[in-house]
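Scroll down for the structure; my scribbles are underneath it.
Which chain is which? They are A, B, C, D, E and F, in the order written, and residues in each are numbered from 1.
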Amino acid sequence: MNQKVAVFRKEHFNAAHRLFCADWSAEKNWEVFGPCSNPNYHGHNYELIVQVNGVPDPITGFVINTKDLTKIVDEEVKARFDHKNLNLDTEVFKNLNPTAENIAIVIYNLIRPRISESLDLKIRLYETERNFVDYPA
Amino acid sequence: MNQKVAVFRKEHFNAAHRLFCADWSAEKNWEVFGPCSNPNYHGHNYELIVQVNGVPDPITGFVINTKDLTKIVDEEVKARFDHKNLNLDTEVFKNLNPTAENIAIVIYNLIRPRISESLDLKIRLYETERNFVDYPA
Amino acid sequence: MNQKVAVFRKEHFNAAHRLFCADWSAEKNWEVFGPCSNPNYHGHNYELIVQVNGVPDPITGFVINTKDLTKIVDEEVKARFDHKNLNLDTEVFKNLNPTAENIAIVIYNLIRPRISESLDLKIRLYETERNFVDYPA
Amino acid sequence: MNQKVAVFRKEHFNAAHRLFCADWSAEKNWEVFGPCSNPNYHGHNYELIVQVNGVPDPITGFVINTKDLTKIVDEEVKARFDHKNLNLDTEVFKNLNPTAENIAIVIYNLIRPRISESLDLKIRLYETERNFVDYPA
Amino acid sequence: MNQKVAVFRKEHFNAAHRLFCADWSAEKNWEVFGPCSNPNYHGHNYELIVQVNGVPDPITGFVINTKDLTKIVDEEVKARFDHKNLNLDTEVFKNLNPTAENIAIVIYNLIRPRISESLDLKIRLYETERNFVDYPA
Amino acid sequence: MNQKVAVFRKEHFNAAHRLFCADWSAEKNWEVFGPCSNPNYHGHNYELIVQVNGVPDPITGFVINTKDLTKIVDEEVKARFDHKNLNLDTEVFKNLNPTAENIAIVIYNLIRPRISESLDLKIRLYETERNFVDYPA
C-alpha cells in the first residue's frame, strides 16, 4: 500500500492584477476577459494551499515540519506577491497573464527547488471562494 | 511531468428530493433511508464543484474560460434542477434514486458532451457540509 | 457595565418548502416569489443559531448548559421540521408562508417557553449561506 | 417585544485599492499603512452583507423581497466597485481613503435612499476573512 | 445617527482545558460537564474576534489600526493562552472554570485597559464552530 | 471509464495532545516542535473526513450507507479520541507521536477492517483550518 501521507498548509496573500493580452484590442480583451481586463486593475484575497507528500519520519512523525514549509512560502511567495500588483510589481508576470492557472504554476516552480526531491509537491490556489485551481492536476 | 492544471468552479442549486425504493414497504424504506424517505420530501442546498483538467492556453493562460463553464452549468444543471423537486420535476430521477452519488453521475453525463475531449471532467457535489461525493472517484 | 454573556449554539435541519399565496394566481406568485413558488417544492439545509443571553453561574461558569439547549432544539425544532415538508408536514405552516422570517419567529415562539425568564433569546436562521435572518432584530 | 426581523443578504465584489495619505511622505505612509500603501495597489475579495430590519408583511412573510435588495446592491454597489480600482476608478474614493470603515459608510449612504424609511439598514463588509467592519456599529 | 463603525479582527489560539468543580464528585462533574470533565483534559482551536467600536479618524479612515490591535492580542491573549493548558499553565483559570463564557470575560478584562476609553470593546469566542459566546452580550 | 464514486462523511472530535520525543531534551523538543511540545498539553478541534470509493448499489444508489459509516466512526474513532488526551488516555499514542500524520494513519487502520474489501478508504484530518493531512496520499 501507498505509505505516503499528504501534508497541507494553507497561507494567504492579497494582490491586484489584470488579465489581458497586449496584442489584442480593448474590445477583444473585454470579450475574453470581461471586467478582469479593467486597465486600472482589480484584486483578490488569494488562498494558497501547499501540499507535500512523503513518508513521515519515524521519530518526529512529520512528513515535513510545517514551520519550515511556512518559512519557504514566506520567502518565495509572500515576499514576492503579498500586497503587490502582480502585473506591475513582479518580473514573472510582466509578460505572463496572471490567471490563477499561471500563478499556481509559477508558485510551484518557486517552491519545488526548496523541497527535498523525495517529496511530491502540489499547489492549490483560490482566486475566490468559487474559482480555484490545482497544479499539477 | 504532468503539465495539466485543474480548474474548479463552484455553483449551487436548491432542490427537494426523497430517497426511496418503490418496490419496498414504508418500513423497509425507513430502515434503509431513515427520514430521507419522508413521502412529502425534504430538501438541500446543493453545492456543486465542476473540475476541468487541461493544459492552459499559452496566450490567455486559461484551461477553460470560467464564463463558458458557468454558462454550461446554468444550461445543463441549474435550468433542470434549481428550485425543483428532483423526484417529480425531472425525467432522469423519475426512476433513479436521487442520492448524491446518482446526482453527481447525472451531472457528469450532462456536462461531459459540452466540454472539449481534450479536457478531463470531475464532479464534486455537497448535499450538506458533512455529506459529499466525487465522480469519478 | 452589562454583565451578561451571549451563548450561541448552532444546529441544522433539512426541509422542503414552497413560498406562495393561495389567494394569488400562479403568475402573481411567480412575480413575487419567483422559482421559490414551484408547486412541487424545493428545499434547503437550514442552519439555526440559538442565542441565549444571561449572567454565567458563578460555580459552573455556564449561562446555560448547551446540553440542555441542544435537547430543547431537538424536541421543539428538529422533531418538527427536520427532513420534513414545511408546507405539508407541519400544522404551523399550513396557513403561514414558510419564509425565513416566519420560520425564525415560529422557532422563537417554540423555544421561548422552554428557557428561563431571566434569559434573553434570539434566533438566527440561515436559509442559504447568502440569505439569513435574525429574530428579534 | 420587538416585532422586527433582520434580513441579511450576502453579496461580493473584487477590487484593487491602496491606503495612503497624499500629504504624507512614503515613510510615514509605510509606518501607518504598511504594505497597504504599496503605490501600485493590491486588492481584495470583498464580502458585503446588507442587513435590513423591519416587520414582515403579513401576506408575503417578507421584510423585503431579496430580489429587490439584490437589484439595489447590483446597481449601487457592484456597478460602481466590482472589478474596479477604488482609488482610480471611482469619484468617491479619489479623496477619501478606501479603508473598510470608509467603504462601509459609503455603501450605507448609497443604499439608504433606495430602502423604505420604515426599514433600518446596516452594512457589514469583510475585507478579508479576518478583517471586517459594521456600519452603523 | 450613530456615526460609530465597528471594527473586527479575527485571531486564533489552541489550548487544552477541563471543565469541573473541585468541590464536586466525579459523578456530579460528569453529570454537569459530561466528557468536558475528563481529568486528563481535552482541547480546542479557539477562534477569537475582537470588536472595537468608534468614529473613524478623518485622515487615516481607521477606527483603530489593526496592526496595533493584533499586537495587543498577541501580548495579552496569545502569549498567555496559545498552546497552553488553561487549567495548569495560567493563573487566572486555576480557580475559575475555563468555560467559553469565562474565557471571553477574562480576555475582555485583559484587552480593555489597552484600548482608548473612547472606544467600545466586545469579544466573540468560538470554542467550536457550533459553540460560541459574546461578551458583553 | 472509472465507474467508482467517492463518498465523503465529515465528523469531528476534540482532544488534547503534546508533540515531543521522550529521548530528547526540552531544548531539542522546543527546537523541533515549538510550543506544540508544551509539557501540559494543548488541544484541537479535529475535523475528520472519511472517504469511501466504490460503485453505487443499483437499487439504493449508495456506495455505502452513511448511517453505517457514522456508526463505524463513532465506535472506532470518537469513542477512543473524543474529549480525550491523546498522549495519556489512549494506548496507541503512548509511544507514537500524535502528529496529524500519525493520527490519520491510526484512524485509517482502525476503520479499514470495518469496511468491505471492495471499497477504497482514505482519511483527511484537519488539525486546524490551516494544517491538514491525507492518508494515503
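The rule is simple: contacts are C-beta pairs under 8 Å (C-beta built on N, C-alpha and C of every residue); 3 or more make two chains touch, one makes a residue touch a chain.
What you see is a predicted model; the values in this text were computed from it and never measured.
Think of each touching pair as a link: the shortest run of links from chain A to chain C has 2 of them.
Among the remaining chains, those touching chain C as well as chain F are B, E. The chains in contact with chain E as well as with chain F do not exist; no chain meets both.
With centres computed as the average of Cα coordinates, no chain lies farther from chain C than A. Of the two chain pairs examined here, A-D and C-E, the one linked by more C-beta pairs in contact is A-D.
For this pair, chain B with chain E, the centres built from the Cα atoms lie 41 Å apart. The distance from the centre of chain A to the centre of chain B, each centre being the mean of the chain's C-alpha atoms, comes to 28 Å.
Separating the CA-averaged centres of chain B and chain D is a span of 34 Å. Looking at chain D, one finds that residues 34, 129 touch two or more other chains. Every pair of chains in contact is given here: A-B, A-D, A-F, B-C, B-F, C-D, C-E, D-E, E-F.
Looking at the complex, you find that chain D touches chain C at residues 1-11, 53-54, 56, 59-63, 65-67, 120.
Across the complex, chain C meets chain D through its residues 19, 21, 32-34, 96-102, 104-105, 129-137. Contacts from chain A toward chain D in the complex involve residues 12, 14-17, 34-36, 38, 40-45, 82-85, 88-89, 128-129.
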